[in-house]
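Here the chain labels run A, B, C and D in written order, and each chain numbers its own residues starting at 1.
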Amino acid sequence: MTRIAILGATGYTSLELIKVLLRHPQAEIVAITSRQEGNPHVAMVHPSLTNRLDLALENLAPAEVAARAECVFSCLPHATSAAIVPHLLDGGCRVVDFSADYRLDDVETFERWYGEKHPDPSRLGKVVYGLPELFRDRIPAATLVANPGCYPTSAILPLAPLLKAKLIDPHDIILDSKSGVSGAGRTAKLITHYPECNESLSAYNVGRHRHTPEIEQILGRACGETVDVIFTPHLVPMDRGILTTAYLRPLHDITEEKVLETLREFYDQEPFVRVVDHLPATKDSTDTNFCDITARVVRGRILTISCLDNLIKGASGAAVQNFNLMYGFPETTAL
Amino acid sequence: MTRIAILGATGYTSLELIKVLLRHPQAEIVAITSRQEGNPHVAMVHPSLTNRLDLALENLAPAEVAARAECVFSCLPHATSAAIVPHLLDGGCRVVDFSADYRLDDVETFERWYGEKHPDPSRLGKVVYGLPELFRDRIPAATLVANPGCYPTSAILPLAPLLKAKLIDPHDIILDSKSGVSGAGRTAKLITHYPECNESLSAYNVGRHRHTPEIEQILGRACGETVDVIFTPHLVPMDRGILTTAYLRPLHDITEEKVLETLREFYDQEPFVRVVDHLPATKDSTDTNFCDITARVVRGRILTISCLDNLIKGASGAAVQNFNLMYGFPETTAL
Amino acid sequence: MTRIAILGATGYTSLELIKVLLRHPQAEIVAITSRQEGNPHVAMVHPSLTNRLDLALENLAPAEVAARAECVFSCLPHATSAAIVPHLLDGGCRVVDFSADYRLDDVETFERWYGEKHPDPSRLGKVVYGLPELFRDRIPAATLVANPGCYPTSAILPLAPLLKAKLIDPHDIILDSKSGVSGAGRTAKLITHYPECNESLSAYNVGRHRHTPEIEQILGRACGETVDVIFTPHLVPMDRGILTTAYLRPLHDITEEKVLETLREFYDQEPFVRVVDHLPATKDSTDTNFCDITARVVRGRILTISCLDNLIKGASGAAVQNFNLMYGFPETTAL
Amino acid sequence: MTRIAILGATGYTSLELIKVLLRHPQAEIVAITSRQEGNPHVAMVHPSLTNRLDLALENLAPAEVAARAECVFSCLPHATSAAIVPHLLDGGCRVVDFSADYRLDDVETFERWYGEKHPDPSRLGKVVYGLPELFRDRIPAATLVANPGCYPTSAILPLAPLLKAKLIDPHDIILDSKSGVSGAGRTAKLITHYPECNESLSAYNVGRHRHTPEIEQILGRACGETVDVIFTPHLVPMDRGILTTAYLRPLHDITEEKVLETLREFYDQEPFVRVVDHLPATKDSTDTNFCDITARVVRGRILTISCLDNLIKGASGAAVQNFNLMYGFPETTAL
């Protein structure tokens, strides 16, 4: 049994992570933390966990976490996580970090997009990006894994094979993404107040969403060229799910069949990517670790449509997939 | 044109009130207030009003309001409203108060259920309860009208005729109510955070919702006896609408036809109560000032089912109905 | 491995059943049936099962099913299921029947409420009702189990302990139930067309829902007396979940604590009933096999509030719980 | 009073049309038709109209309609409407046609995209397209107006001014549209069955939605050049609202301010187009005849975002706007 701690355990990704880990035969959750006072029982914060996990949320110092746990999932906010992670690594823990802190290679890019000073800049550029479909080889030996963002996963998985195969122009990429509301987190705000966002649809952070440089960096790494994307996120009145519609310019004449075949070959052995002929709905992958992808050619452009559950393949499922690879368990365990 | 001010104009009832009044040929909104700093334009707070109302939200003293407006709709919270209303009345305004402050006759009842000292206790018991279907005669001459609560309207309209006709036991009344989320107001809270209440249903404030004494008082007044109710509100994942299922004990053998006939006769001339044979859905009355009512007799009990839009017939539509009566306009104007 | 067939595999309960069984280490799905022509692959009908189950839907005769499978889950409609089940039993299969066909003891009651002739009347009254919390002892030896209805489970679990303990009047029971839309099945109808039922709430089948006699029979068996209920179902705009608010008359003065204690003692050893102090939301038990129950005493009445996922504890989860007991697997396997 | 008939009055656009017309001081609905047997009262089909409109749905021949009504709103399906309309015109009626039958200039384009023979081909190319913002001059004299499609209105209004001003490339236009479910009509189908589309998002008819040639034709007419669009519609779990995100290639360097200014000048006098600085949500225009538009420049591309209520500005509100222009009433009457 691997002893696990979860930092920042009051949010939606933590809740899903706990649910996945409770099904895992090799994982034992030994600590969950939050800054809430009074060490509330986890069932006070997540009533769905009543009788399923008997732990209190504690406000633990990194050393206390490291004394109890071998593997730490950090669900702390950006700029907070990287202030803690070095202490956990020093304490001998392996860490899967859900924040954006270790995803970007470059400290200036981080500070420009996130507007905060990076607490651990020297590690940037050396941390494996935990998308097994692209970087599986590097994960087993990693002590620290940067768990991908939800939008980036939905954008990178369909595009990376096409960029690698030099089928599309890396400088003319439009990503129109639509996400359920859980992606906005669990903090009550007016924009996610039920009567505000229910029965409504809107774009947000147009041209300045922080997942933009993450998508560009990873796609650039995949194809060995710089990549530019226009990324537009939209808020959809549903709990979960991301659908990304990508509009791509082919470099040569190409058929729909060839695009689908390229995707299919690339993901042939992947347990969690389903290249499908039909147009996928987000509900097909809700509560699963799958990413569903299809493609169409429309009037000379390639369109890809990709769906995933932002809390599972877009966060906690991917984290457990990484955990499985780090510890040598079958990659699909508990997923 | 009647000059109108709306106090506390940032919430959902105010927004609906403004929309109704914009259709009213005899009403001119001359002031809207809030404590927000910087006098934001109403369209900053309610984007749907862009190009429809050109006013800023101002933080006005009661005297300033009274200097501008003849009629004031107060959408202030309880215990706040009654601290302001006396000054408005002194300033010559007529007032429709949306808060609970003037609905109860008895200061002790108010202070027990609301947990606050009443700022204007001497007026309690003298203010007309603005439910025209029961108290129309008293409204035209009123300077102050207590606008009914949303749940009370949904409960009083089906029950008052049956109690008046001595058809049901006033001490064995069960009210199982279900409300959309806008009833909880516009302040962001965890319980009304989208991913918390979406795709979920729960009861709340069981046995201690503040509308209980209001329902009992008005029904008691209707039938001349004390009335006891068990009132259980539930939160439903939808924006608007209340459905109240009432379980009543008949005092004598009675048929469904007789119950429906009693309701139909009582509301025969009412423009906004529809006694129907079918089982109404809340959507039938969404965005309208109607209350739909039907009845069934099941295994010796009478059931009534009533639906209304909590923001219209349950709040702002009722307020304009009262306004029309106060100023001698046709009662259905703008509704 | 137990070889399993699922009859009528196109609906929502079948889909959830398949998902649960795919997690079950001792179950192998060997046949799924429907009357759809052309033997479509299951992923054509349930896209979420793409790459998860590689079977076609076949139109199989009972003998063909019995030749392949040891255990059959019948998700066929009432009056259809009991025409097939005898052949499966004759063929040596054990059967969990999701329909209402074997739940009632009495053929006249069945035919009055369901309006159809019963195809297998001689078995009525001899089939175990598959609610392990009440009838666990009889399940391991059963060849045929009648899987409970979703509303009945939500009503029986909170009430049975109180009736057994003679705490409440069996003739004054009001059940106000609210269900998500998946309970209405997967056949497209106007009433469940998205723009009809979304953002709307309504009661349906008031006084004549077919689960009424099932609730009364099982509660009557639990307490050894006849039981009468008024049962009112409501349709709520959400996918899943049932919440039942029960209004009960205590036979003696009683405290909330005593009611909760009675429930807690009764379910102390049960893996899937959570007696909680807080007011449960349906979302707490979504996607789980739990039934959450609490109680309140309000103005001399006992209220119980119970929540469950209509497709899991109200159907497919309960069925796998029964399957586990029938085959000697740990009761919580895959749940 | 203008006597009005509505053909095909069972759907959602008809319901909204009736609600708008009930507020219109110069309109009297004298006939509503459907092929439903038995002449049901409108309140049987649209319960929300109980006590608001006292008419039965009749199966009337065109001559009967023409005998009663001056103006006819045809909400019949495509290829059905154009088989009726000529008879109405011959009978002296003026017609607003909601179908696609008279929107396209070219019979071959119609027959290729709609897959049906056009019943009245000789009129194609001579019917005014009822988008007052572009073709107001031609509407007052029209006897037949082709009411625009919902997606086309959401796409044409933001793009026409930019194309006319030669700011964008007419051959590189991507339209990513998202619509609520009412756009799919009122016929119950699996794809719009509540548990299928609730909590889910999907693209549909990618590259082959029938509104594509309509958008291209009208935009082409606006700018005097051929226009090519890639149009991708998505189904969003909400009742109403369309949001279209357009990705456009500027022909010259341009600032966001200049794009907004171009839009603002173009729509300066328009009562129903609101050019806004903020990112509009569909809810801002729900239940109104407004179209909200904004623009952004992102990495060298122009993005426009436009929102409207598909049943009002996208259908019935636009129809009444046309009606007002045809009969010389103030254009905003009842809207």
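Operating definition for what follows: contacts are C-beta pairs under 8 Å (C-beta built on N, C-alpha and C of every residue); 3 or more make two chains touch, one makes a residue touch a chain.
It should be emphasised that the depicted structure is a prediction, and the values quoted were computed from it without experimental measurement.
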Out of A-D and A-B, which chain pair has the most contact pairs? A-D
Equivalent of B-D within the choices C-D, B-C or A-C, defined by over half of its residue contact pairs recurring: A-C
From subunit B, which chain is the farthest off, judged by mean CA positions? A
Between subunit A and subunit D, what distance separates the C-alpha centroids? Give it in angstrom. 40
Whole-Å distance, subunit A centre to subunit B centre, using C-alpha means? 46
For subunit A, residues contacting two or more additional chains: 180, 196-199, 237-239, 280-281, 283, 286
For subunit B, which residues are in contact with subunit C within the complex? 174, 176, 178, 180, 196, 198-204, 206-207, 228, 230, 232, 234, 236-241, 243, 245, 247, 279-283, 286, 296-299, 301, 303, 305, 307
Seen from subunit C, its contact residues with subunit D in the complex are 12, 180-182, 186-190, 192-199, 237-239
What residues of subunit A sit close enough to touch subunit C in their complex? 23, 47-48, 50-51, 199, 274, 276, 278, 280-281, 283-288, 290, 292
